[in-house]
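Across the two complexes that follow, chain A remains constant while its partner is chain B and subsequently chain C.
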Partner chain A sequence: MPGRLSRRAVAEYVATSLVEGKSKKLLFQQLAAYLINTQRTKELELIVRDIEFSLAEKGVIQASIVSAFDLTAETKKALEAFVKTQTKATQVSLSNMVDPSVLGGVKITVPGRELDQTVAHQLTVLKTRFKKA
Partner chain B sequence: MQNVTQVAASQGNIFASLGIDWKALILQIIAFLLLVFVLGKWVYPWLMKSVDERQAGIEAAAKATAEAQKSAEANKEAVAQLLAQARKEANEIIGTAKLESAEMVSTSEKKAQKIAERIAKDAHEQLDKDVVNARKVLYNDTLELVGLATEKIIAQKLDKKTDGELIDAVVKAAK
Partner chain C sequence: MSELSITELSKDLRDAIENLETDKQLDEVGVIIRIGDGVAWIHGLRSAGYSEVLNIETPKGIVEAFALNLLEDEIGAVLLGDDSAVKAGQTVRLKGTVLEVPVGPELLGRVVDPLGRAIDGGPAIKAKLTGLVEREAIGVMGRKSVFEPLMTGIISIDAMFPIGRGQRELIIGDRQTGKTAIAIDTMINQAKQDTGVVNVYVAIGQKFSKVARLVERLKTEGVMDQTIIVATSPSDPASLLYLAPYAATAMGEYFRDNGQHALMIYDDLTKHAVAYRQMSLLLRRPPGREAYPGDVFYLHSRLLERSAKLSDALGGGSLTALPIIETQAGDISAYIPTNVISITDGQIFLETDLFYQGIRPAISAGLSVSRVGGAAQTAGVKSVSSHLKLGLSQFRELASFAQFGSDLDDATKKQIDHGQRLTELLKQHQYQPAAIWQQVASLTAVNNGYFDSVAPSKIKDAQSALLTKLWADHKKEMTELDKGGKPDEAVNKLIETTARTVAKGFAD
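This part shows the complex of A and B:
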């Protein structure tokens, strides 16, 4: 990689390389080395977010799922299909995180969008809606 | 004595027999008349004038005394009138003051009553507000408790299978 690049350029490079099927391990090693070399490790989270956006633009979606229980394969498939339909993505990969505090339901987060249909969120909405100021 | 009489008789003069020297008598008469004249001309008028002046002074003093007495009487009456007038004015002032004080008391009572009414009204309004606020707080607390209870119940009742069905329903509804 050349000297100092913009965050967007770095993200674009990594996203393009991932779509082209280059080795993830090698790419991430390069990215880590570059960030350490240019003393930009603090920007890691932002760069990851930019990479997700770049991938989304290329039809590759990284969806984050939060649920109260482990999801079954069927549910995961259904969610994947749902995300594909909603984002028009060609490729969707899900990362599932279990959080019992959401009580039930599911929260789907994709770059730039979020669908919170957890029971905890519904209850919060209800409480907020009916609460008197 | 007999000798003298005898001498005078011998001289043929009665004055002499009486022992009177008629020359000396005439001189004494003249001197007396001169004295009378002098006294009448210069001494008596001066004395009379002095006496008249003194009398006039005494009369003037008496007159002044009478006038002073009269004036004192008149002053006494004036003082009495002034005192009467002062008493009358004092009574009027006291009467006016009583009326004014009564009015002031009445005004103060009305003012105090208005203030008391306003305070009572404010207190009622504040009480109403407090009740409304308390109800609101109670409502919100109840809502919070209901939410917490619902969370507990759902946490107990919701299992993996039900959650899967719920997620399917959510996905279908979102489509």
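This part shows the complex of A and C:
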């Protein structure tokens, strides 16, 4: 029986295949069969995260933006440009989510990295700093 | 080429770092996938380093952790604070530094936790400097042989197992045999003899009531001003117990590196090993002997290797270590005791039997040793203690045989009588460390037979009378003797005359 593959190795295989343009349907069937066979279906969410990591390393990034209010098309464009500069990605797709609990500002999340400029985050940092002092 | 200024270079670099920090950048983040028993498993943070500090964002604020298991798919991190607010799914950021604690003279007289936060109810500690908790030990060329004495004030130790500055001397024994008492007396002696040695006492998983009593005692004895106490209680997370000795060593190293002398007391490393075992098992590292992880030797060797006598080029400072190990039923061949015995430069073994016979400090003459301290022993004490250890070991062996028969030859009887007087002389009350002149005078009186007419039960009274008389009548000579030099003929004669006079008053 072959040894247990790490999530990273599995994700790397899937990401490479996706970038090379292999059939998604076939690839996902293979992955599903492997996970069922090795009783690792519980790890699916983590494997998806790892696939995002591997895709990001290959220049394909799915970024998410959280803000307290809807962002204008112009702001979204500026944020997309910012993500491209920061990650040197060739392909960036943005998804915007409105969450009033962040109070203000934006939080940009790409696989494994994040820029949190929300008011809620700043308040948490301040709270910790005051606790220490 | 223009002249390169290191100060300017450093300033420019700092400015550049500050400017970089103000730029908005994407931080590397991970997410908690599992949490339990003070250990968090984190997905992401692929560039995290070993022992790097991580910040976990919780609704109650940021909780710090440090990375200990770097695996291909996840990181195992040990939390440094309350884990009640930490949940799966929370974001974790790299702090970009390894653990550091405040160091410097601002800590003197304070009781702190392993992260350098005051826990004595006093104001916050505003130290100017920080020290690395995990730091590499000084190399070979930066060291010097141990040669200066670190007097404990306990006659049996200073005479038979002398400790030098920069030495690592283990204090080992069962529970309730006086291990901590020896360490405390040594701390008190540094203040009484005005040696200038800074004490750093590390309480690893000790009851806070015991630490509070210790602080009170040190304040009473006037030692607290030159002491730092790093305290952890049994209710603290294992991570803090694990960090305590390393953090305290960083605090001691500040004094060592600035040409001063510091004394580290690790009370005790058995509990430290147990805390590390708990962390390792929770991190799913494979258990070895007695369920300790494979690197438990390295745990203590890298800690104790930081105690050293520095070369003159590095300022000549020193860090002396007195680690404490608790044995079970006197078994010094257990895993952790043998490890620490092999790391240190000698051990003071305390026996339960001696303790309950009233021989306190209950130091075993046969099993105790100081491997490097001989070179550091003061000439005065050395001149009166050359055959002490052998004589005492032989006496204890003879005494155990002698109790089975009454027909003993004169030589054996004499040896037993001498041994009994010596044993009585070496008994010492707690918190009463003896000065060098007191040690020399007392040992001279018993070794040379001036107290042979005194019954063993009256030896302590005779010793007390001798010391009082010597100080009253010959203060100048005794002050000179206290400097550590070998007593000359005149001083020896003086001690003999006084001892014989005193002995007459206590003769049977």
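Miscellaneous remarks
Everything that follows uses one rule, which is that the second predicted complex is superposed on the first by the 105 of 133 C-alpha atoms of A that agree within 3 Å, B and C clash if a C-alpha of one lies under 4 Å from a C-alpha of the other, contacts with A are read in each partner's own complex, and residues count from 1 in each chain.
FYI, a residue touches a chain if its C-beta (ideal position, glycine included) is under 8 Å from a C-beta of that chain, and two chains touch if they have at least 3 such contacts.
Only a predicted model underlies this, so the values are computations on that prediction, with no experimental measurement involved.
Once the two complexes are laid over each other on the shared chain, residue contacts for A:Arg7 go to chain C alone; chain B is not touched. Shared-chain residue A:Thr75: touches chain B; no touch with chain C.
Once the two complexes are laid over each other on the shared chain, residue contacts for A:Ser67 go to chain B alone; chain C is not touched. In the superposed model, A:Lys127 makes contact with both chain B and chain C. Within the superposed three-chain model, A:Gln39 lies out of touch with both chain B and chain C [touch as defined at top]. Applying the stated contact rule after C-alpha superposition, one finds that A:Arg49 touches chain C and leaves chain B untouched.
When both complexes are overlaid on chain A, the residue A:Thr87 reaches chain C alone and has no touch with chain B. After overlaying the two complexes on the shared chain, residue contacts for A:Gly105 are found with chain B alone; chain C is out of touch.
In the three-chain superposition model, chain A touches both chain B and chain C at residues 86, 115, 117, 124, 127, 131. Only residues 24-31, 33, 43-46, 57, 59-62, 72-73, 91, 93, 124 of chain C touch chain A when the two sit together in their complex.
Chain A contributes residues 6-8, 46, 49-50, 53, 86-87, 108-110, 112-117, 121, 124-125, 127-128, 131, 133 to its touches with chain C in the complex. On the chain B side of its complex with chain A, the touching residues are 136, 139-140, 143-144, 147, 150-151, 154-155, 158-160, 162-164, 166-168, 170-171, 174-175. The residues of chain A lying in touch with chain B in their complex are 67-72, 74-75, 78-79, 82, 85-86, 100, 103-106, 115, 117, 119-120, 123-124, 126-127, 130-132.
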